[in-house]
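Both complexes below contain chain A, partnered by chain B and then by chain C.
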Partner chain A sequence: MGRKIIDIPLGSQHISLLEPIKFRFACENEKIVDVSSDVGFVHRGIEKACTTKFAYDAVPYVVARICGLCAITHSLAYTTAAESLLEGVVTRRAKYLRMLLVELDRIHSHMLCLSHTAENAGFEAMFMRIMGDRESVMDIQERITGNRVQFDYVSIGGVNRDITTDIEKEIRKTLAFIREKTHGYLEEFTTNWSLSLKFKGVGVLTLDEAYRYNAIGPLARAAGLATDVRSETDYLPYNEIGYEMRVGEGGDIYSRNIVRLFEILNSITMCENILGGLPEGEIQTKMKGKPTGEALVRLEAPRGELMYYIRGEGKAMLSRVRIKTPTFASIPAFIEVFKGSEYADAPAILASFDPCMSCTAK
Partner chain B sequence: MWYSVKKAFTNLLSPPQTIDYPATPIKRVERYRGLIEYGEEHCIYCLKCEKACPPGAILFTHTDTPTENPKNKKSLAYDYNPHLCIYCGECVRACPKPNEALWQSEKKPGIGVKEDRVNERWFEVEGRKGS
Partner chain C sequence: MDFSRYRKRSPWILHYNAGSCNGCDIEILAALSPRYDLERFGVLNSGNPKQSDIFLVTGPVTYRSRERLVELYNQMPEPKVVIALGSCTCTGGVFRGMYNVEDGIDRYIPVDVYIPGCAASPELIIDGVVQALDILEKKTKERENAKRLYSEPTTENGITDRSNSAQKIGTGGFSPEEMKPNSPERRENEED
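Moving on, here comes the complex of A and B:
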């Protein structure tokens, strides 16, 4: 008998998916031999709206709505690009507050991913626990910005709100709580058989593949590829607040979980250092003029490199806004990981990538 | 593994993460970003708030029954759509008289029901603006 290949779709609607994405797996028995993907199910025309409906100073609020998880990173990448066109200088205090929010975003985004990984291993209770603990991070973000999800915190020239000593105390308390919890998760993700044995050697991306298919973010770092925009750019003074890159080995789901857990711990340390060394000063600088020229900004979102390209011609409306999101850039690497895996592992592998389709389809 | 087993048992005895709503009310944080409020008597009709608003939730349109405010030379009337507003506070930051003419409260908007003609009323305001 010859080889028989069967096509099995996963998505666009599927019980294990959080957001619509479609993969078509060509399977030989249980093995996936080929994959095709489709990602544009939640397209909202945001890039177009940014150049036709909204003036450049309203765009930070528009791009923040691309994604609920990394809203801060989106508006921050855009404002950094716009500020470089307006040749404005943001105060150090504003930069520190921006970093604080970006790192808090990373903490809760990674927690969400870990909880879904646990859920896909059949460990529903762990999912509930992480999601419950994650709520405390959302609470302090709400305390700082005035809203739980749509923060609208970053605007051109700085940030919209300052923190008070009361809020600072609360943040420190929450960070200590999350640190303790994260050590607990680390223990469970390494010793619990559902989360360690099950995930070791599953969904492997080798270092060579990570290079070749341009993997980014925790996906690349788990494969041993030392890439992180935080260490490669200097819009934000990450070197002052104790940033450390964590590179994993093995490139499997287990390694991605561990990298994320250590990144949470590092982000907690960074947040504490930010609070400890918060410079005095204003939080807003007035910026005049209209954006003229081109700017390209890269920032490390929770899922990897986020890139914004904007072009202005001295008018209130920009002539181009181009957004390259981390999930979109990682799709070739995703496909490579799927090839050779078991079909039954596909949902768990997908969850470990932490894909964000709202970002990708924007 | 033992850690997980221990956790599973302590988890059984720990209180739930959720609150007993509506018996326990949802706690509102301080400095919650709520509705924008307007004090007409202090407004100087510079229209900066209208210009700053990203979604266009503040509109000044022509009216036949203008207010007494001497600054209102062009007979304008203020309109605000709490269901369009994203509570970003840009209008308050743009306003030359914040806290007097325009400020951000901690109130929540009501639920937009059909009887209030939320959409239709706003489309009329936008229509007046456009014409």
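Moving on, here comes the complex of A and C:
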């Protein structure tokens, strides 16, 4: 038998994939030797529409529709950039409420990713359990903002709704519930055979590779690379609410799961601290004028660094909006992980990356 | 064996993302999860078009996804029901008029149920799927009727005459007199 390389496509429509992404694996027996990817299936042209169809104060609600999972991070990154051009100052209460929603969003996004990883290990019951518990986070998001997924909570100048003591009480109750459940998952993900031993040593991204291929977010932190925009920027006062970076080791699927679980726990702590130290004040400040000049903002989305660049020339329409999304930046690292692993592991590895193609293609 | 009797009890869903923001896709997963439990209707989310009965589409149809959309639709066996899930799938929504967007799936495939909302909540998804089940049953019955009519041709003088059965199907149950334009019976029926 000679060495024969076979091309196997995965996607863009596939049973184990949620996202329209296409991979072509060149396989030698079961080993993947080369990968090519195609990500542009859901390209809609939002960047262009932000400069031609929508005025600058409508754009936060348009960019939220780039991605349903990190909608709040998208609109917040844009809003922060626009506010720096308008030279307005957002009240501390509005900043705290924004952080609260970003962290709640991170909790439910990570829970979704964990449930997918469990499903790809063949552990459907775990998938159902996590999805069932995730509903409680969706409930408090609905209570705070009025919608489950596409909550247009952030607007230029502040936030659109305030929270009351009733809602605060409910949030505290839910956070305590989620904390208890997350400790349960931690136990399950470290001791259960399907979720720990099976995932150890699969889909490894070494520290050196993470550094060289520009991995970001939980993918990089699982490999031991200490990178998190929350600790590097100061648009939002993360240092006041007990942010801690959790760095894993090993860089395999197991390590990514553990990093995500600890981030959920950290986010819960942060949410409780936000509620504990919520400053008094208005939630909206009036912003005058039209955006003039250019601004660049980086924020930590659930999947990694999200970058917005906007340029305005004193008109209602902006002249440029540029969005760099986390999954797009991580694709070289994805491809490096796939090389050398088994073809049968590919769906599980892909789920552990938590890719978001709607973000990537825009 | 005739499976049509069981079709309503276990419809399989094919979900395709034609350019949505993932919001509706995640709400589908939420609808399948224990809180809402869409699976109690026998619904199973399958990735295979050849085994599916309900085509659940999200997204405003991007330029590159339209070929795949039509291809998946064609691969599904009859009878099939198409659900457009979310505002952007119905009309284009916030994406309407963007350069790479085709403004809704009904430009390419016939749609039976429209579910509005951005993002559509799981309650609405369940409501839409339950409506789709009724449509699926109706379509199943229509197919059976057509088969029976076509399989009963009359034979006179050695010539097979299908005109009788074809007329019954083509006029939707009206008699030839009723089908004449401007006949009083027809007008009455239409007003009903």
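Here, the second predicted complex is superposed on the first by the 360 of 362 C-alpha atoms of A that agree within 3 Å, B and C clash if a C-alpha of one lies under 4 Å from a C-alpha of the other, contacts with A are read in each partner's own complex, and residues count from 1 in each chain.
Simple rule for what comes next: a residue touches a chain if its C-beta (ideal position, glycine included) is under 8 Å from a C-beta of that chain, and two chains touch if they have at least 3 such contacts.
Keep in mind the model is a prediction, meaning the values are calculated, not measured.
A.B. asks: Of the partners chain B and chain C, which touch A:49 in the superposed model: first, second, both, neither?
C.D. replies: Only chain C is touched by A:49; chain B is not.
A.B. asks: For the three-chain arrangement built by superposition, which of chain B and chain C touches the greater number of chain A residues?
C.D. replies: Tallying touched residues of chain A, the top partner is C.
A.B. asks: Quick check on the superposed pair: does A:184 touch chain B, chain C, both, or neither? Answer first, second, both or neither.
C.D. replies: Only chain B; A:184 stays clear of chain C.
A.B. asks: Could you look at A:165 and tell me whether it touches chain B, chain C, both or neither (first, second, both, neither)?
C.D. replies: Neither: A:165 stays clear of chain B and chain C.
A.B. asks: Who does A:193 touch here: chain B (first), chain C (second), both, or neither?
C.D. replies: First partner only, chain B.
A.B. asks: Let me test your reading of the model: by the given contact rule, A:12 touches which partner, first (chain B), second (chain C), both or neither?
C.D. replies: Only chain C; A:12 stays clear of chain B.
A.B. asks: Tell me which partner A:69 touches in the superposition: chain B (first), chain C (second), both or neither.
C.D. replies: Second partner only, chain C.
A.B. asks: Overlap of the chain B and chain C footprints on chain A, residue-wise?
C.D. replies: On chain A, the residues that contact chain B in one structure and chain C in the other are 61-62, 128-129, 132, 135, 147, 150.
A.B. asks: Given the complex with chain A, which residues does chain C contribute to the contact?
C.D. replies: 16-27, 29-30, 32-35, 46-48, 59-60, 62-65, 68, 72, 88, 93-95, 97-101, 118-119, 121
A.B. asks: Within the complex, which stretch of chain A touches chain C?
C.D. replies: 12-20, 40-46, 48-49, 53, 61-62, 65-69, 71, 112, 128-129, 131-132, 134-135, 138, 147-150, 356-358
A.B. asks: Quick check on the complex: what are the chain B residues that touch chain A?
C.D. replies: 1-4, 7-8, 11, 17, 29-33, 52, 54-55, 86-90, 93
A.B. asks: Taking the touch rule as given, give the residues of chain A at its contact with chain B in the complex, in rising order.
C.D. replies: Residues 54, 57-58, 61-62, 125, 128-129, 132, 135, 139, 142-143, 145-147, 150, 152, 155, 160-161, 184, 187-188, 191-193 of chain A touch chain B in their complex.
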